[in-house]
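I have a structure here, written as structure tokens, and I will follow up with some questions on it.
Lettered A, B, C and D in written order, each chain numbered from 1.
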Amino acid sequence: MSTANTSASSDGKSHVHHHAHHFDSAEHEYNAAKFGTWTFLVTEILMFGGLFVGYILYHERFPEMFKAGATFLDWKMGALNTIVLLFSSLTMALSIYYMQHDNKKMTLINLYVTLACACIFMVVKYFEYTHKLHLGIGPGNYFQPHGHGEEVQRALGFLKDYPNIGMYFSFYFCMTGLHGSHVLIGMGLIIWLIRRTHRNEFSSKYYTAIECVGLFWHLVDLIWIYLFPLLYLVG
Amino acid sequence: MASGAHDPNLNYLNWEKGLWSWLTTLDHKRIGIMYMISVMCFFALGGTFAMLIRWELFSVGKTIMDAKQYNQAMTFHGAIMVFMVIIPGIPAFLGNFIMPMQIGAKDVAFPRLNLASWYCLMAGAAVAFISLIYNGADTGWTFYTPYSITTQNGTIWLVTGAFIIGFSSILTGLNFIVTVHKLRAPGMSFWRMPLFVWALYSTAILQVLATPVLAITLALLVAERLLGVGIFDPKLGGDPVLFQHFFWFYSHPAVYIMILPAMGVVSELIATFSQKTIFGYKAIALSSIGIAAVSFFVWGHHMFVSGQSEFAGILFSFITMLVGVPTAIKTFNWVATMYKGSIRFDSPMLYAMGFIFLFTIGGVTGIMLAVVGVDVHFHDTYFVVAHFHYVMVGGTLMAIMGGIYYWMPKMFGRMVNETWARISFVLVFVGFNVTFFPQFILGAMGMPRRYYDYLPEYESLNRISSMGAWTIGVGFLVALGVILHAIKRGKIAGPNPWNAKTLEWTAPSPPPHENFHVQPVVTAGPYEYR
Amino acid sequence: MASGGAHDHHIIPLKIYFRVIAILMFLTVVTVAASRVDFGVMNTVIAMLIASVKAGLVLAFFMHLKYDDKMYTVAFGTSVFFLLVLYFFAWVDFYTRFIHTGIVQ
Amino acid sequence: MSMATGSKFMPPQATEIAKSVDSLYEFLLIVSFISCVLVIGGLIYFAIVHRRKHEGEKTPYIAHNTTLEFLWSFIPFVIFMVVFVWGWVVYHQLRHMPENGLEIGVQGQKWDWTFIYKSGRKTAGEIYVPVNQDVKLLMTSADVIHSFYIPAFRTKQDVVPGRYSALWFNANREGTFQVFCTEYCGDKHSAMAAKIHVVSREKYEDWVQTDAYKGLSSVEIGAKVYGQRCIACHSLTPTPEGANPIAPSYYGLFGKQEKLDDGSTVLVDENYVRESILNPNAKIVAGYKKGIMPTFAGQLSEEEVMGLIDYLKTVK
């Protein structure tokens, strides 16, 4: 009952994609999948939005405390991460472009580069987190700077003027942590895509999975585009 | 799939055998039945807590439990009924089963996601009940901070459970939006969809737009308890009223997630049992969308006395009045449909009329609570308890019962024993009014809600209310008996016992795995009783 | 609407992809530079404007919103709209209780 | 159905605003009753009149009727707007603070209310206010959100920790009026009540000046303080088997050797009782949790502490 659309992928081993029985055609399934992904992105935007609204509200209520907290963020790391993520967004879009032209090799290259950029992003994040946590600058009650060194003294100084500076770092860790977890989920999905591309499951007739993971990845990048200025630059 | 062989006694229930075929099913009808079983079990559990609460409140002072246990019973009654019974109730159970058939589709858009939603509900419920090991949770289903941060018990587990259950709601909403947009039968434009589908479509929009904010709020609450993030904790400069804003931004749309599907069921029942086309089809459809849209602007009427400014109070009160208008329109349209109809008093119709009776009282008392000046007196008293039970039990539960009796022939191919079904209606209807009408008076007299003990002058009305509660309990037990009996030994029903006009009645009952042997083509509206 | 349309997936030429990424990188540099200069309160507004332009580019080209079914743009717009509703009403309350606390109501 | 005098179904009307709230509520009741009669009456009437005579009966195809639909949208809207504006007027009266009202500080903490008058006088669980006098309560909470609700005055205001919220009333007749806590706050939420005694101006002036304990012996003062502050957690009878009360019982406590949670034992004498009142977490009795009992330092006068100690000696 399902009409199969065979795909002549470049290395001759054609792979048949059967669209599910309750769809009329592969095109129908493709549109449904994309619409479902966009609706899912709506829920992601609203979930992250809740954190952004909380951040902006408290930013207005304790402007100096947030400015003091922001001095601990290294904007260079943030900028590097932004560039890395933007580039990974490009390579993800290119991987879709090449699959639309049945160019499996270039698609794989782009997916691998996207994965590599995601790893760089997480490594940079790892350094930022360990640097702060090592100094005792943690979220909420875990804001107990200890040890010596310029940053710790500055943190202790701020703690005296603003007793609830721990809240700034709660927002910092919650927002970047939630975003980081979504980058990890994205990496998992890209690895899943790479595996399926190696097994020739995609072709110019069927690349829905790449496009949907691509949309998710672009959203993760979108959220970082807003996170970077809000946390690192404006402060 | 053997598409050719239309073996008449092969249907979705018996074409695959064994528990494993159920637990890994992708068929929206089977998932609907699995939701039915889960929701009915949770309803029994939540109902038991309700009976315990009413037993304790039967008389002044300690009756059967002490304050701490009462607070836990109150919390679990609220949390189970809201998160596990009434929100998944109609959309996931009746919606999953009936909606794809009503639009002539073979299944929902993402069957695997549909199964994942059911597992989310069960996983969330399991996590929520772990809190019982850590001496329960006593924060009320609203988890207001800073109490929910400082209380020493399993609140984290209940909150995490609700967090996971939230995803079941989001994924169901997502599934329904895509299904309605992409899988309608040829010829079925948006204006030829049954009103039950319209109601579920607007509910799905609410589920997708509102539940994520609950997810982040509950996640922040857990972070508050574990890390002391200080966002909602006044001692760390946070603002507990902000928690109320975030919580009610979800929870008011959530009460419309509860009532809109019920309105959809009632539209179907009234049209079918009056054998008359629905009055004002477009008005009812647009009212559903209107209510869904405006519901995001009114949450402040839960917080009139929370310390928000006078301006905010007035703003929310005004918009709440606006959301009252479409609700009133729908009620008038149902009654107008019955004008010059050919009405039969089968049990589904009794439940639909019971719905209109109780929902009207719930609605007008809702307007009373929306009036700011009066709400200051009524807020957090038993007047509010009575109002939302009239709308939730009188509204959604009546519609669930009506929906089960109405679609029983389609789901299980058997009719319900009418006399016992009517007896269960009378018991539930009478018991309900005896329970909750006195609570309006208790609220007006100033008895606060969530009170373990009350002043002696409130005792007589509380006694009447408790007796009414046990009548409801008996009524629902009878209803359970009626349903179980009907599934096994009900009279065999044909494909369309009620002579209804919507698409699901063109399929055999119980329907085959792929719903329709031949793809239905729609040529006319859903209620063409000419 | 009910069943799939013709095979019309729009393919964006490579040229546009590279032009978009160039603009995005440039805007990143601009936003970092803008944060160096102290515009006072305007700093936040400028940063958000630049970020929105970048986000618009990613949405329109990388996510194909410009060439795709209008329903996806409606979906995205709805989510942002209701986010602003949450922010506006919470801000109204926050403003009257913390920032402009003239009268204890 | 005149409810102006406050019938059995409503608490007494003890302020002018209570009368206007009740008249608005009365109007709402009448309008709701009429709309219920219309809707439910119509439902039952149609159900009876248009019941199915025989199967397969044809019904007229009435899809919509624009004028009817306009009417039943516009009329509810108008009613809602009328009621909204009237509610706004009443709400403004409730929330508009009087300029020079009698200010009383209110502090809510888990499970009782304490009041501080400008004259430095502190009371717990009850306040005296003169009749026909604007009274403004400046309220805050020491731990979680509570809510100060006086049914007879038809007014309520959440008491939020970390902030001040205000509530005002002007009682127009003498009497004792009940106060409830209406925001869920834990185990003894339902026991967290207080009383407002509205008395004549002379009696109020006399009460505010006099010492609350004039002419009482030290033990009687102790008994009164116990009734207001300690009764919520400490009982006077021996703890029954199997019960795990929140705090040790006072029965036969004075002069006993008490075992502490760090294993040591201490003689319950004047110093131990004083320390437990002013710094409760210094010594915790075995089997009880730390941090439950709030400190009363600065809230109990020397006279009251001495009174409590003398009272404890009598609890046998």
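Descriptive notes on the structure:
One rule holds for everything that comes next: a contact is a pair of C-beta atoms (placed from the backbone, for glycine too) under 8 Å apart; a residue touches a chain by one contact, two chains touch by 3 or more.
Because the structure is predicted, anything quoted here is derived from the model rather than measured.
Steps from subunit A to subunit D, taking the shortest chain of touch contacts, total 2. For the interfaces A-C and B-D, the C-beta contact count is higher for B-D.
One finds 16 Å separating the Cα centroids of subunit A and subunit C.
Inter-chain centre distance (subunit C to subunit D, centres taken as mean C-alpha positions): 47 Å. Centroids of subunit B and subunit D (each the mean of its C-alpha atoms) stand 33 Å apart.
Separation between the centroids of subunit A and subunit B, computed from CA atoms only, is 35 Å. Among the residues of subunit B, those touching two or more other chains are numbered 181-183, 209, 213, 237, 239, 241-242, 246, 307, 310.
Looking at subunit D, residues 95, 163, 165 sit in touch with two or more other chains. Those residues of subunit A in touch with two or more other chains are numbered 23, 28, 31, 35, 39, 42-43, 46, 49-50, 57, 61.
Of all residues in subunit B, only 1, 3, 105-107, 109-111, 113, 170, 174-175, 177-178, 181-183, 208-209, 211-213, 215-217, 220, 223-224, 227-231, 236-239, 242, 246, 514 touch subunit A in the complex they form. Subunit C contributes residues 2-7, 9, 11-12, 14, 17, 20-21, 24-25, 28, 31-32, 34-35, 43-44, 47-48, 50-51, 54-55, 58-59, 61-63, 68-69, 71-72, 75-76, 78-80, 82-83, 86-87, 90-91, 94, 98-99 to its touches with subunit A in the complex. Residue ranges on subunit A touching subunit B, taken from their complex, read 1, 20-23, 28, 31-32, 35-36, 39-40, 42-44, 46-51, 54, 57-58, 61-62, 138-142, 163-164, 166-167, 170-171, 174. Looking at the complex, you find that subunit B touches subunit D at residues 67-68, 71, 138-140, 144, 146-147, 150-151, 234-235, 237, 239-241, 274-277, 279-283, 305-307, 310, 313-314, 317-318, 321-322, 324-325, 328-329, 331-333, 335-336, 338-345, 353, 356-357, 360-361, 364-365, 367-368, 370-377, 379-381, 441, 444-446, 448-455, 499, 529-530.
Those residues of subunit C that touch subunit B in the complex are listed here as 1-3, 71, 78-79, 82, 85-86, 89-90, 92-94, 96-98, 105.
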